[in-house]
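Letters A, B, C and D name the chains as they come in the text, with residue numbers starting at 1 for each one.
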Amino acid sequence: MSTYLAKRLVYMVIILFAASLLIFCLYALTPGDFISGNIKLTPERKAELREIYGLNKPVLERYAVWMKNAFHGDLGFSLSQQKPVLTLFNQYIWNSFLLAVVSTFFTWLIAVIIGVIAAYKQYSWFDTLVMVAIFAAMSLPSFFIGLFLIKILAVDWKWLPPGGMLTTGSNATGLAYVKEVVHHMTLPVIVMTLLGVGSLTRYFRSNMIDVIKQDYIRTARAKGMKERKVLFTHALRNALLPAITLVGFELPALFGGSLIIEQIFNWPGIGQLYMQSFSLRDYPLLMGFTMLIAVLTVIGTLISDILYRVADPRVRL
Amino acid sequence: MGDLLAIENLKTYFDTEEGTVKAVDGVSLRVKQGQTVCIVGESGCGKSITAMSVMGLVEGPAGKVVGGRIEFDGQDLLPLSRHELRTIRGNDIAMIFQEPMSSLNPVLTIGEQMTEPLIEHLKMSRKAARARAIELIGQVGISRAEQIADSYPHELSGGMLQRIMIAIAISCGPKLLIADEPTTALDVTIQAQILDLLRQFKAESNMSILLITHDLGVVAEMADYVIVMYAGKVVEEGEVVELFANPKHPYTQGLLKSKPVINQRQNELYSIPGQVPNPLELTESCYFHDRCAHCMDICRTREPRLKNVTDESKVACWLYEEAVVHG
Amino acid sequence: MSSMNAELSVNKQASPVPVKSSLWKLSVRRLLKNKLAISGLIVVVFMFALCFIGPLFSPYTDNKIHMAMMNKAPSLKHWLGTDALGRDVLTRLMQAGRISLTVGLASMLLSLFIGLLLGAIAGYYRGIVDQVIMRVADLLLTIPGLPLLFIFGALLSEWKVPTDYRMYMVMLMLSMINWPGLARMVRGQMLSLREREFMQAAVVLGLRDRRKLFNHLLPNLVPLLIVIATLNIGGAILSESVLSFFGLGVMPPTATWGNMIDAANNMIDFQERPWLWVPPGLSIFATVIAINLFGDGLRDVLDPKQKR
Amino acid sequence: MADALLEVNHLKKYFPIKAGLLNRTVGHVKAVDDISFVIRRGETFGLVGESGSGKSTVGRTVIRITEKTDGEVKFRGVDLYGLPAEDLRKMRPKMQLIFQDPYSSLNPRIRVGDAIGEALLDHGLVSKAEVRDRVLDVLASCGLSSYHIDRFPHEFSGGQRQRIGIARALVLNPDLIIADEPVSALDVSIQAQIINLFRKLQETRGLTYLFISHDLSVVEHLCSRIGVMYLGSMVETASRDELFRNPLHPYTKALLSAVPVPIPKLKRDRIVLTGDIPSPSNPPSGCKFHTRCPFAMEQCKQQVPEFRDVGGNHYVACHLV
């Protein structure tokens, strides 16, 4: 493989090592653990459990054990749920992915369309409206807008369910199951789209504005091309190309769940799992989750980097 | 022979934060069939904006043609709808620009960009258009035409790209070619090639050329008729030999004298003092008055009109108004 | 258009204007023409005035429990109603705003200070210093921010930090999360400034390092910093509200907009008494959008090339 | 050569080309490829060439804002590349550079007076009290007014900015001024003003110039000796009169004949070169010009012509001569 990639990979691994150490120490530093928080246990039983889980060993030794296991694909054992962390991740992560992938799709779709139109009509009333809307979307406190929409759409108007993935006690199957899930995910998807669409629309708008000013757009017009063709054949392609670098940055969001949204909508995703485990101080799970996001972030950055180089005009084609 | 292009009293203004800039302010000019007309002037004199106005490519909403007539082939272009104008652009009137490197779309192949106007205006099939494009690439003096058609702009040099731009421009057999500083961004040896190419196509097809440049050397090589612009107005125009031999306007005289010429070394170059006036602060006057060695009282308060001094030349200068000089 | 603009700007400069005007004055003049930015500024000023001056005019600042006045809906006497302890919500909202705005402002200043210092050092000296600083920044950027904040928040709770001090700790936490991004930006800007021709001119002139840094580089960095700083206040206010909402930031009885929304975690308050949690949410929203609009206007004026 | 102010021997500057996902050095742009010349005190040496000829890189490498790859630069007998950083800094006032772009070479946030005066202070050339007087002096000699001293660069036109750039260099009393395309960004009428200023300053102050330009007519007007560059190599150097009267290298001839002359309907025997300038990353073998040379022989493709004196200090690198 190329030296550049090799260098990047080595650096990636080093950063991840450092991150894992930092994450481990931080959690180890946090006082209290799953066992001491459990009032049902006698002091003897607590000491015994600590022994079993190796919690009484020094931090560095515990870290070494944790890392060694992690390399073997074992992120430890969730204390509160009594299941391997990876099993739990596998169980919850796809729910998160579902939410993320649908909202990411809508976010990009809306952002491209609105961004292009606003750019084309720069300085029009529509553009001003879009700009205000963009800033509004970027300024929303996520948890508040979630709660607010639940209150209005679910509690007051009863259009949509307030949370969860299925109605309590439901055992729908097949198409009915799908319908129910779609019904439940509508509200969180709306909120997530709302939260993401602002900055992305702005990105596409400004990209497009830059492109429209280019000399080759003037050339296309001077050739007598139809305005539609100028916009979609000549301008849009150039405006979209740099955006492929963003794809990598979406990675952690796609698989890492959303702590706030899933918590508020009671969505059984990996983010909510984290939030629950946090109050229980279920360290293996918390560390596993944090590490997962760190890994996704690093890989995402790498992908973006590679895509950027691929998209670079001199090597692109 | 009639006029192919007749511009009457064209006014193109730009709204800026500080006020309205009259980039083109009452310009009239004519281009005859088969004639090469050069507009010469320094940056900001409005020569490019004049060309853009003809093409209907003045960028709104800041810039706008606010008055005048642009008559092309007997048809007034200004009232035309966007669609009607589009069928003329790239077809009857073609244009090439200063920066060949940025004037072609980096993500489309040369071939794709060349076939577009052929398909659009001449209704060619994709296949016929490609064959014609390859033929055109050969005509502008580039070998390996097939291969070039499939390459992207960044793979070619500036000189080659300008050749491609010319190929695109002549592809639909335009009656008028507008060339806006076509060689300014190129090296002298390449400039010579491009100018030769333009001359060659003009001779072959009898098209007219409206050439915009700041380089008097290029003007002398290319022009039949010259229009000198200063601060948005035409100050002098005339047949090329006459204009270079007997420049009338003090600005034209200064411009010709201040250009260093090979093998005509002077100890000190003539230089026009001062600088171009701020377009926002113009009041009625001859706009050149504060740089002019012959400035009179009337120059500061009244605008001279463009008038014939001989059959083939016009000048806008109070020095040539009999009534003022002798009255 | 670009060529046209270039031509125009050349001409604009052609005849010297009689007034001496620095780029700053030009920028202010242009900013005043941006309606969105100015309305943003007005809202920001209004929010600050409301929070810092408003309570002076409120008859309900005692923060005591009024059993008789518990959970009253908005009325003429209590414009935004009262809470479970009979306190006036509007007054609490204003007091909470003081904390939220202060935290936002202070944590921005702190992270800006750290980011500027480290970013400038990295960008100016390069080499090994640069490597170390940027690698640490990379590391912090790799670890997801929210979980990190949660850990810090939990630490605060476990260490029993007095609620009065938690506010300062929250500022510190937010700065810890924010500085790497800022440092990276400052460094990038430094590197690109170093390549600018006027910096090469400074080398040719043989200027001393100190002058190059303080007279040439930093003044050109300031516009960008102002823009980033402004936009960062909004982000800090949002982060603080999230933390406080989850009970990991500033804690009651010190009110912030975030922990006021915590009322929504109570089913009855959430469903029946929206006046408890909707006003603080809207306050956050209004403040942040105003700051962002103003910041974007600033960016247009001060840093036109750095769009998006 | 006792009066040599600047001696450049076998100067080379290669820029690595990094490309692709690999970000590996895939080759070198040989911007300057073994160039030697001498500039004597009081003369104006003109360096002409088209884009990619490496003429600007010569200027930047000579003044050491771009590091050389190989070779030697001696200024007043001192090897510039042998100097430690602080000594180099102290040497800097004696050789100054004037940039092509009068817009980007002035710091937009520094007043003109400070921009011109700051180097005086940093080199301890005058006391704080005297700075203003010195700046006013130099402004006047560059054709600017005293009220310009407190203004910011954006309030000036291109021509005025170039005057400021010249004043900034001049105030340090340099021995050598390297001017890198100083008039090519300016309009004709302004260009003449600046060219005259260069000439006037040389007469009054006895300056030595290295004048880099693509415009032969400007170079002819200003320079006493001229070097012609092509693709990183010097192809011909001669005194001005000799070069214009008797150009020997085919490239020089072509260059001279390609310049448009403002005389309409003039019939000239013109050598129009075919083809493009090859890329400096992959220059042709032998004589680099052979791909475009109308007189190229078999020998030119293989053998690099020697750069030699053909009499009267007229150097040329061509097999034909």
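By definition in this document, a residue touches a chain if its C-beta (ideal position, glycine included) is under 8 Å from a C-beta of that chain, and two chains touch if they have at least 3 such contacts.
The structure displayed is predicted, hence computed values, not measured ones.
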item	value
Chain whose mean Cα position lies farthest from chain B	A
Chain centroid nearest the full-protein CA centroid	C
Distance from chain D to chain A - Cα centre to Cα centre, in angstrom	55
Chain C and chain D: spacing of chain centres that average the CA atoms, whole Å	49
Chain B and chain D: spacing of chain centres that average the CA atoms, whole Å	32
Residues of chain B touching at least two other chains	43, 275-276
Multi-chain contact residues (two or more partners), chain D	157
Shared-contact residues (touching 2 or more other chains) in chain A	314
Footprint of chain B on chain D - complex, ascending	50-51, 157, 159-160, 187-193, 195-196, 199, 214, 216-218, 220-221, 244, 254-256, 258-266, 270, 272-274, 276-277, 292
Partner chain D, residues of chain C touching it in the complex	10, 13-14, 16-17, 20-23, 26, 196-198, 200-208, 211, 215-216, 219-220
Contact footprint of chain B on chain A as seen in their complex	123, 214-216, 218-227, 229, 233-234, 237-238, 241, 313-314, 316-317
Touching residues on chain B, where the partner in the complex is chain A	55, 57, 61, 82, 86-91, 94-95, 97, 99, 102-108, 116-117, 120-121, 152, 154, 165, 168
Complex contacts: residues of chain A adjacent to chain C	15-16, 18-19, 22-23, 26-27, 29-32, 128, 131-132, 135-136, 138-145, 147-148, 151, 155, 202-203, 206-207, 209-210, 213, 252, 256, 259-260, 274, 278, 286, 289-290, 293-294, 297-298
